[in-house]
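Mind looking over this structure? Questions follow.
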Amino acid sequence: MTQGILIKNAYVIDPLSGIRGEIMDIAIRDGRIVEDALPGSEVIDAGGCLTLPGGIDSHSHVCGTKVNFGRYMSPEDMRAGRTSRKGVMHVTSGYSVPTTFGNSYRYSTMGYTTVLEGAMAPLEARHTHEEFTATPHQDMLANTLFDGNWSVMEAVREKDVKRAAAIVAWTLAAVKGFAIKLTNPGGTEAWGWGKDVSHIHDPVPYFEVTPAEIISTMIQANEILRLPHSVHLHCNNLGVPGNFRTTLETMDLAPPAGGDRQTLYLTHVQFHSYGGTTWRDISSKSEEIARSLNSKPQVVIDMGQIMFGRTTTMTADGPMEFKLYMLHHNKWSNHDVELETGSGIIPVYYSRKSLVNCVMWAIGLELALLAKNPWQCLLSTDNPNGAPFVKYPEIIALLMSRRMRENEREEIDPRTEHYVPLFALDRELDWYDIAVMTRAGQAKAMGITRIGKGHLSPGAQADVAIYPLKPDNLDPSVDYQQVMAGFSRTLYTIKRGRVVARDGDVVVEGANSTIWTRSRVPPEYDMGSDPEFTRKFDQYYTVRLRNYPVQDVYLPRGVCIETEAAL
Amino acid sequence: MRIEDVVCPFCGCLCDDLVVSVEGTKVLSVENGCTLATEKFTGDHRLAHPIRRTGGAWEKTTYDDAIRETAEILLDAERPLLYGWSGTFVEAQTLGVHMAELLGAVIDNTSTVCHGPSIMAIQEVGHPGCTLGQVKNRADVIVYWGANPIEAHPRHMSRYTTFTDGFFVKSAFRERKVIVVDIRETDSSEIADEFVKVTPGGDYAVLTALRMIVRGKGDLVPATVSGVTREQLFRVAEICLSARFGAIFFGLGLTMSRGKSKNIRNAIELTEELNRHTKFTISPMRGHWNVYGSNEVFTWITGYPYAVDFSRGIAFYNPGETTSVDLLRRKECDACLVVASDPGAHFPRACAEHLASIPTVQIDPHVNATTHLSRIQIPVAVTGIDAEGTAYRMDGVPIRTRKLFSTGYPDDVAVLGRVYSLVKEAKG
Amino acid sequence: MRVILKTRPRKKPHVPIEAEGIIPQNFLRKNDLTVYEGNRERNLEDLFFVTVEGPAVSPDQVEIILTGDTGRIKRVGEYMNAGRIIIEGDIGMHCGNFMSAGEIIIRGNADAWLGREMRGGRILCEGTAGDYCGAGYRGEKRGMRGGTIEVMGNAGDFVAEYLSGGEVIIHGNCGDLPGVEMRGGTLVIGGNCSRPCGNMTGGTCMVIGDPGELLPSFRRNGSTEVEFGGKKFRMAVFRGDVANRGKGTLLVKEEAIISRSGRDERL
Amino acid sequence: MAISLVAYIREFARWEWARKFLAARTAPLVIPPYFRNYPELTGKTCTHHLFCMMACPAPGAIDVIRTPEGWQPRIHIGHCIRCGLCVEACPNGVLSSGRILESMFRDNTRLSFSFKIDVDLDKCMGCGNCAVACPVNKLIDAQMSHGGRASTDDLLLKLSDGKCRVLHVEKCTGCKTCEHHCPNEAISVARLLEAVHAPEEVP
């Protein structure tokens, strides 16, 4: 193996470095981008093709208990996408919830090198980490669920922000998590009794705290701990017609931060932007949401785009999945996690014939088109909830081509246009916007630019994707088919300085790392020796405190981001 | 030396609060564990070294030779079966699946003879479940259906359900109602508030009747359904409906009786129906301590929880066709590797006979019924005693077992890793 | 065109053969098909003596005759869309999977999953059929969607599970839970069975013999007269399965109900 | 009819009888020290030891119930045989009957309970139901009642080497919860009631 790689004639867009499309060379050595290549480096001629930092998915469900249960309960889904062992590639199966290697290979061939698992229940963190090691071609991060955490809710009730922060710090370090995830805060605890919360001021049974209080406290705790990412929030009332009000109220909870840091990341906002009162009169409220977003630089969202076809929905939002089940009456799995959170899984089919689905489809696109700043609206499908991530290229094409949207308009329920503003939007995103929405924006929002993610400046991690697209002689608004094909399959995907995928095939065994965070707190805030915390742990969990933390052996290449908590 | 918080590698309860005293490589005492746990820690019938059968007799062999011969047997076979896996840890199971991929083998775990039907039912209708702590802290109604936890999971009731106090259940056995459904009185039915005695094979109809009552179609329920009176059915439905949080646990009495997966499906649909009124969950009582781990590993690598056939390169799954018992009954297999389980004791006679007629290799610490069917046996360390690794509790909570001391035995990963590299070498 | 495939003797006769390539449309141009014996890839000729008689211009004109030790051959006729396959003996699992047109005639017995997820065409089995005849795949919500399966002998358990279209006729007895989860189509059972149509939501099932134990979740809804095998029968009509909000129809012989009424308090 | 009535009066209205009836003098009635009436509440605080119930030989004669003021014994007159054992058994003098308390005080006697717990090791599966349900254990070790882990050896019962072991039988209050909840009938509690002279020190 040569010491390095030199990529010549690359059409580089590197938003974080301010490069908006220049033909240049990129030198790689020892897994990092360097100024100059070593003599004898392997030379890759990009031939003017689009070259971007490795793709980053800031919200995807690919590993862990509920994802695996999605696979477990869906042999019919596994019938699609089966490949046999080929070279270094393991067998893969599945379409909407592929096997770990399936996810990894498909992400790799799309140029993705970093993926954040959207929801990890702390108690079952070990499982997520085990699957991370079986998703070998992406660096992984895990959002850790705190939405129904009893200790946190008690701290919120006592209005003790510092204690909440200390609990978060202890938990993230124990389970090797990356950031705070709140999924329907309070609602998952209410679901322990088969209930839900109906708005952000609706108190949680017994704990008598409101979602708004949980969100605000956790935002403060997050900033006290100086975690790289902000609070990552799945709002209350997902998928309920009229829920845009909840979303707007929630956005108002985000305090402004210093600089251009966000204090709140709202995920899959498409599912939270519905007007109307029932499924019959559901309408798009993307304009209201975008207006609020455009006035709040402290908020970042991702789209949560849905795409037509079959998929599997899975979320920690247990009550929502049950409501969905009652609608579809197909199959339903639920998994409550003691003292922490819940989850639910059901398969769905988004149909072009369904007005509701068409409205949902339009809303996601509208959010991306109406958000003035691409750094504030990232591309996602909340894989696999809106659609499997393999649909990203199609979404990119839709965003870049008005013509493609018009063509799609012919295919969908004709009433859609009365409920959505999509077809009035002329905006077509450019290559730069896409680069922001698929990697640079993610890296910035997740706060991992410092460890060399999402950009190509010297010192950065050598995660590079070269797509068979030549922006100089391609008009994406016309040649959207080519855009789609190009983003589906890189010429080269380079991960930490190694070519991992070439022309759609993975060519090496992977060796990913897992990125986690640890906030140093003063000893009096160490929950591991807090009598009240440990007493409750001993009495109410079913595992021993000593058997709870994820051992280092589960992170063979762990990367820890340490912060100093302001406690 | 006293070692605290030891994880028990016996049943699916995976109790992790044992205190084990050891001296050198000997276990002196086990605290907090049940009889089965203590037996596992203190019992000692370990095979000292690999053995192979020549003619009618056993001869001692080396690890090198045994491993090489195992690889050869597997490489020669046209329909090899890799069976077992529930008594070992996740890392070894992972190797097993990768090996099956390369060999074009069928890989199957012990679900095939226990909760395979439950998995099939879950694949039809899903699984509203929860972790055991959720039951401990909230449940006021507990149903054991076709399960006898006292025998098979002795501490289930005292650690997770009936007797343990939880956050919202301060005085457990006074506040929780226990319903036991079975075809006969059992130890567990002794402590039930309501014992429902069903005629053998009648579970499906009883579940159907309960669903009807919960749905408000109770008028159609006849005076007795499979031996259960209409009055009792209504009483049971009323207890369930008035629960704040109910939990159903089902065992082999439901999975392995007439109707099989359809019984479980019906029970799951009853749970779903009850969720329209209150909160209910349902969970299988998994037997082997890490059988759920093998389901998880198989699933994340192949997409299917058990009975995965790689003979065509891709993963194919079809219980009834690719499950071990069916393969052996049809005499399809021409070689078998048994890891950490005892099919000789659990499989029907015809299957065991076929195992004896083909080259069967067993990787297991102990001499057991399968030893008598095997051509080679390779002893390994016992996970949870002299080896460590990940295991999944019956509710999906992963726990790392502890290694109490070192013996000279290699663990499953060491042995399988060497077989795997030989296979990899041969397959290029 | 007539293609005669006679099995060659094998060293390990129990190892299954997967031969989804054996369908009429594949024999129009070439005979070098791949089949699989266990985990080994084989040429058709390795496992069969192949004789081709006469020409054909379309798959409709192709008739395949399978003879010899055929009981271990799986997936024959999978995705078949025209022509005819005649199996002189027994046939292995998954015969006629997904077939959409054409005809399969089995002179012997068929193993499980006969006509799984079948879309159209006709399968005639002169012997007995195994479990899951005319059923679907694990986790899938729809089984057989069209066509006809006729079994002259008995069939196993879970016949026509998830049936959603087409017709399954079993002249003999069925095992447990025939028509379970049925949602459309027609199932006719000439003989006896037990617990028919558990959890059905749609479709029609008719049991001419003894329906064995009936589930409590069916509501009596009058009676009707049907004809089967040239005889007329007076049938009790049930609607259900009410436990599953079902709107299926189950027809059971009136005499069977009367003779049962002693032990079944509901009727 | 009239004649017989007259005869009747004549027979019974004899002077001798009337004189004796009106003029007789006997010693006043004294309640003997051994007389035991239905037990009454003395107003002392019941500590819910249930010794009264355990000592009572008549089925259903005494209950200890929770009232708004706290626990209190309740006597069911129809069942009570007035043996007074409950009065003697109560460690707190909650009940009184006749002069029992008085004479106990005078003679310095009392009834003492002790318990013997037998575990049939052949039947015991080590399920831990008894140890977790045990109300004494519950007071000593919350971890025990929350899932069966013994965090101390001060417990009355715990699992050791796969069987239930009795560690501190002297802590037993004889409630028999363990016995009621043992699925195998492997554990039994014997109550030993004996009269002792002068309250002994609890070892």
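Going in written order, the chains are labelled A, B, C and D, and every chain counts its residues from 1.
Everything below uses one rule, namely that a residue touches a chain if its C-beta (ideal position, glycine included) is under 8 Å from a C-beta of that chain, and two chains touch if they have at least 3 such contacts.
Here the structure is a predicted model, which means the values were calculated and not measured.
Nearest to the overall CA centre, using the mean of each chain's CA atoms, is chain B. Contact analysis places A-B first among chain pairs (by count of C-beta pairs in contact). Centroids of chain A and chain D (each the mean of its C-alpha atoms) stand 67 Å apart. Work out the mean CA point of chain B and of chain C, and you get 33 Å between them. Note on chain placement: the centre of chain A and the centre of chain B lie 34 Å apart, centres being C-alpha means. As a whole-number value, the distance joining the C-alpha centres of chain C and chain D reads 73 Å. Residues of chain B in contact with two or more other chains: 17, 123-124, 136, 159-160, 165-166, 310, 312, 317.
Among all residues of chain D, those that touch two or more other chains are 146-147, 149.
Shown for chain A are the residues that touch two or more other chains, namely 73-75, 77, 539-540, 542, 544.
Viewed as a contact network, the protein chains fit none of the simple shapes, being neither a path, a ring, a star nor fully connected. By the definition of touch given earlier, these chain pairs are in contact: A-B, A-C, A-D, B-C, B-D.
On the side of chain B, the complex with chain D involves touching residues 17, 29-39, 42, 136, 149-151, 154-155, 157-160, 162-166, 172-173, 187-188, 190-191. The touching residues of chain D, when paired with chain A in their complex, are 142-143, 146-147, 149, 151. Within the complex formed with chain C, the chain A residues making contact are 73-77, 79, 330.
Of all residues in chain A, only 63, 65, 68-69, 71-75, 77-78, 82-85, 90-91, 93-94, 98-102, 123-124, 126-127, 130-131, 134, 150, 191-194, 206, 322, 325-326, 331-339, 342, 345-346, 539-544, 546-547, 551, 553 touch chain B in the complex they form.
Looking at the complex, you find that chain A touches chain D at residues 535, 538-540, 542, 544.
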